[in-house]
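A single structure is presented below for examination.
All chains are identified by letter, namely A, B, C and D, in their written order; residue positions are counted from 1 within each chain.
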Amino acid sequence: MAGKKAVRCVGVLTGGGDCPGLNAVIRSVTKTLLYDHGATVYGIYDGYAGLVEHRYERLDGPDVSNILTRGGTILGSSNKANPFAYFPPQKIGGKHEPPHDASARAKALYRKLKLDALVCIGGDGTMAIADGLIRRCGMNVVGVPKTIDNDLPQTDYTFGFMTAVQTATEAIDRLHSTAGSHHRVMVAEVMGRYAGWLALYAGAASGADVILIPEIPYDMAVVAAYVKDRYRRGKRFSIVCVAEGAKPRGGTMTVERVVADSPDPIRLGGIGHKVAREIEDLTGLESRATVLGYVQRGGTPCAFDRTLATAYGHHATELVCGRRFGRLVVMRRGRITSVPIQSIAGRVKKVPRNYPLLRAAQAVNTCFGR
Amino acid sequence: MAGKKAVRCVGVLTGGGDCPGLNAVIRSVTKTLLYDHGATVYGIYDGYAGLVEHRYERLDGPDVSNILTRGGTILGSSNKANPFAYFPPQKIGGKHEPPHDASARAKALYRKLKLDALVCIGGDGTMAIADGLIRRCGMNVVGVPKTIDNDLPQTDYTFGFMTAVQTATEAIDRLHSTAGSHHRVMVAEVMGRYAGWLALYAGAASGADVILIPEIPYDMAVVAAYVKDRYRRGKRFSIVCVAEGAKPRGGTMTVERVVADSPDPIRLGGIGHKVAREIEDLTGLESRATVLGYVQRGGTPCAFDRTLATAYGHHATELVCGRRFGRLVVMRRGRITSVPIQSIAGRVKKVPRNYPLLRAAQAVNTCFGR
Amino acid sequence: MAGKKAVRCVGVLTGGGDCPGLNAVIRSVTKTLLYDHGATVYGIYDGYAGLVEHRYERLDGPDVSNILTRGGTILGSSNKANPFAYFPPQKIGGKHEPPHDASARAKALYRKLKLDALVCIGGDGTMAIADGLIRRCGMNVVGVPKTIDNDLPQTDYTFGFMTAVQTATEAIDRLHSTAGSHHRVMVAEVMGRYAGWLALYAGAASGADVILIPEIPYDMAVVAAYVKDRYRRGKRFSIVCVAEGAKPRGGTMTVERVVADSPDPIRLGGIGHKVAREIEDLTGLESRATVLGYVQRGGTPCAFDRTLATAYGHHATELVCGRRFGRLVVMRRGRITSVPIQSIAGRVKKVPRNYPLLRAAQAVNTCFGR
Amino acid sequence: MAGKKAVRCVGVLTGGGDCPGLNAVIRSVTKTLLYDHGATVYGIYDGYAGLVEHRYERLDGPDVSNILTRGGTILGSSNKANPFAYFPPQKIGGKHEPPHDASARAKALYRKLKLDALVCIGGDGTMAIADGLIRRCGMNVVGVPKTIDNDLPQTDYTFGFMTAVQTATEAIDRLHSTAGSHHRVMVAEVMGRYAGWLALYAGAASGADVILIPEIPYDMAVVAAYVKDRYRRGKRFSIVCVAEGAKPRGGTMTVERVVADSPDPIRLGGIGHKVAREIEDLTGLESRATVLGYVQRGGTPCAFDRTLATAYGHHATELVCGRRFGRLVVMRRGRITSVPIQSIAGRVKKVPRNYPLLRAAQAVNTCFGR
């Protein structure tokens, strides 16, 4: 780092949906900057909302003590705040105002705090805005990717994913009791609107008999025939793990329709109940659905995610202190490295057909609806 | 036991919904009869269905090894089988036949196996049928009560309840992360159609801000005012724990309406989503619901339930060997004892207004919607 | 409460060893006093040490938010601090000074803060000192009992116990894998110096083959014969759950000797290793010991303990506000009530020979070494 | 696979210590061979012991149902059985006989069952013997690596490791309660005789203040100064995570000495208690040790390990069916592939000084005793 301008002051924020491991990244970034670089760290509240509204706090060691094990984010987050199309905070009972460009306010805070860089932790939406802050506002930004769904391109894993897999796996383990005792078909709907990573991992880990993912549009006749065949072989129950975004062959993606109609598609919990009903209709076997929902997002991160998030946070700090701005931390082929932030824009990483775990699940006779 | 006819042969069956601890009772009953009394034990499959259809197996030590920790029941269960109004098993694709009285078949098996007694593990439906077997078929029956909902009268606790409380509590702990990070109202719908035990315990254990139970019809205006007041005091999130059977003041019990319309009320997950929508409408705060569903019924029993089920099974065996038939094992005032089976018929144990945990929850400022 | 002097100001402290649920009591006491009674609450740090050293803080709502789920105590504790025989805090590297009577300092703080009462949460040591504060200093005290070991007299259960049972049960469940795979005898040493509650509950809950408790001095020849007999019946592994204070028949209590030699008997982990070695010597089967140790004291309380601690805290506040001083909250025959604090002095609640769970464990053929 | 001789019959065995995920490999290998290849599968009992003693069973679908979630191995294992230096099974009370070469017996079973290949799941000891079976007996062998310690060369991860990390992390999370409440130093001794992977991962995941690993001989003066400095900054407790094989700078490896003296070094639990005593002596702060022991080896595998073991088992089957014998399944740079079995012989994979998680832990100010 010889010859490079030392980093003195860094901001950090978390955007997008809740995810186990966010606090571990905040802790890792903050402690590394404080103890290893003697820098000052500001936590920006509620993602880009705090950047526009100048809500922040200086973070010291005690602020990030005891947060490694906590789910959520101590900084708060915002799903919707966008400095370039900013909705002013709505008062209770007040009406919505139209959005406007508030990026000058964001830039003003960046200057006021004399930030050398901003660490943005979030998903594709957060990174798209980060890209705007770089290009249009001249900020120095380093990104840390986050998604429960593991569908961000360029990276093998994102933290939070394995915790969600573990939570969903434990839930499906529980459903096994009821399925076996009552000779029922139990359907578990897990997250994953555009990619089936979570359904594949949790399904394979819990020994689900059927796994339905967006990448493989399913044929319900195939599913029903498989369930009936199990019944004939004396297995009077079946476990089905279905991704939120799974869709029938030839059908349109259910969840996209739902998105258009509703601000909260999870609320409708469509696909799990639909699949259960259809299996019951086609097989005559009692079928029940459980939508795992928000439980998958919360709770203490598993050990894997705590270490991954700690390593991600550390690498982000190295990028910041090496003044390698505009980059996103990723894990590629088992190593932590980085790619340009804009390289993930608008793309989704889907489960490839030859993915080893997919092939292994097929080999042990799991039905994917085809 | 001097002078009493020794017990040589006992049947055991599990009826009604899945519940953690059923296997622990089966193990306790079987091992005690085998090792302590040298008796023979037959496991009847799928509740009263196996009794009518003569499906059973002799249970030896190895059959009940390693089942203490397993959820569900190794004997299978049946929600609907009733010897006095018996539906023949439906073939896949076949049509329903009308029910008929098959109690003679049940009695025939009882005689064929030379049973001295039958241990029936189940809820109020199972016990109502057990009462019929006693009165109308002259069988010797001892009952062991089971209900996730803890709403059986005459007993402080039933096994399975505390496991469901623990599972629901851990799920609500997870929702806290998301609620806190996103400043949202998170609603968790737990089981409990007629009584609020599970909602009260899980809500109190997880520090829910609002708990809605069937015993206290709620006023949504009170709930909304409470949530808004929290917001004003800087608490930008709230956790609501609502029992499946909670109902608004002056309203009809939602779940009863649902029952009339559908064979599977849980599928509709009505009340949780309804409450979330109403809170959002009244407060303007983002609100989301999660229906915990079948996950609450499954999985390994917690240590408390394993010990309770073991003690229940042992006491049932003592009743059998003491030839004290027609009795139901219960825990009253902290002690394991028994009551007549028919004494629980058609009654529901509701949470009393002066229940200590209810009063404690009110004292720490939990809102019950009144 | 008409006519009674209102309670305006209450202190709360935690003494003795760490125990899951302490924070739940602190939260319940504080919130009830704040919200239900409009009183002021002071938290005294590090048990009686803070009382003497005038270290305390006023507790408001936010101080006790989010502590329900946390193990340990936010107030800190002290195993040894005694106002009547007070050791001044030792400086790092400094030498011990002799103890003196510092109860006047304790009384001075009580007066300075204008306390109406002090809520002392702790075990028998804490209650013995509380009794001294009542008799010798004229303080108003209400006690809340706490012990992992569940060996306090006058109460069915104390909070923390069931969490320790659950933790120990899960650990023994894990040992089952290794025992079964390697055909080994696995010995788990759990807490319980003077009483075998934890060993009995965790042993029964995990299906341990042998349970050794202080109340039933064991005969190692009986244990070895039992293990060999299992082996002959094809069960090539055995699980032994032994209480820290278990002792051989005719032998002296191991742990008492250890106490004399060492300030930290757990460190030596005597009995578990001793039992494993003897079983290996007598049977020729590979035997291994695991000392569960401090892991049993920590972590988030289970749901049962969170509700029990909340109800205990609430009842303590009712005693305080009803000016029923000098009493200890207890659960008797399933109900929360109270007894005089001095009634527990110097006594240990042991497992009675006819305790239902003990008899149930014996009936399913568990060996108790006799 | 065109032109290749089809695989008709495969044996599978598990050798060495217990490890979560063994059953998941057995299930994956068996189901893939049965359903995907129509082959016959024989499970050999107790590792190489069963191979010599001709103890085995044909495995069908139901034999491997419901084992995915179970710890241990349904086939049993043996730490010591070696066909080339075989100890006959010792009778209870009998004396040891000298070892002899029994490889002809092993070969005889291989021929009798008409095995096309043998899948050996185990650690370096198991693979060294597998290498002998290939070279000296002409068997076709495919290896699947297994080690809790993650110290096998040529592979990024082995299944079982992440479960052990998770178990150790949860235990250390629990110790935090006690450490914080009592202002103590809590030392957790985890597995890892020759490499510090488990201590590094569990220590980083639980936010341990001090991590001691074999790769970095520690200076106790540095550790004590660090702990005292924390105390001065107001952090009155510290958490130390120490690998079984950690050793002081300039000192000899404690565990190696122990190995020479004893067949069971874990029994002595040396290093954890030694470190606790030294810290207490040097700082005057109360220090306590917990040896996590065998609990780390057992229990249901975490979701990560279940998927990894499933994918490993599937790849092993592909090697078998592709007749690529003599190879060991590994994960390299995030991909599942294989290396020659003999390439891991006698080597240990140690934590490199520039390992990202090690550097991240150092950056957040964790003390490694240097």
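Everything below uses one rule, namely that a residue touches a chain if its C-beta (ideal position, glycine included) is under 8 Å from a C-beta of that chain, and two chains touch if they have at least 3 such contacts.
All values reported here derive from a predicted model rather than from experimental measurement.
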Output for shared partners of chain A and chain B reads none
Farthest CA centroid from chain C: chain A
Here the gap between chain A and chain D, centre to centre from mean Cα coordinates and rounded to Å, is 31
Whole-angstrom distance, CA centroid of chain B to CA centroid of chain D, is 41
Where chain D touches two or more other chains at once, the residues are 173
Chain A contacts chain D in the complex at 27-28, 31-32, 35-36, 65-66, 68-69, 156, 162, 165-166, 168-170, 173, 201-202, 204-207, 235, 300, 302-304, 306-307, 310-311, 313-315, 317, 331-336, 356-357, 359-361, 363-365
Counting only contacts in the complex, chain D reaches chain C at residues 14, 17-18, 20, 22, 46, 70-73, 76-79, 90, 92-94, 167, 170-171, 173-178, 180-183, 186, 228, 231, 264, 266-267, 269, 273, 276, 283-285, 288-295, 297-299
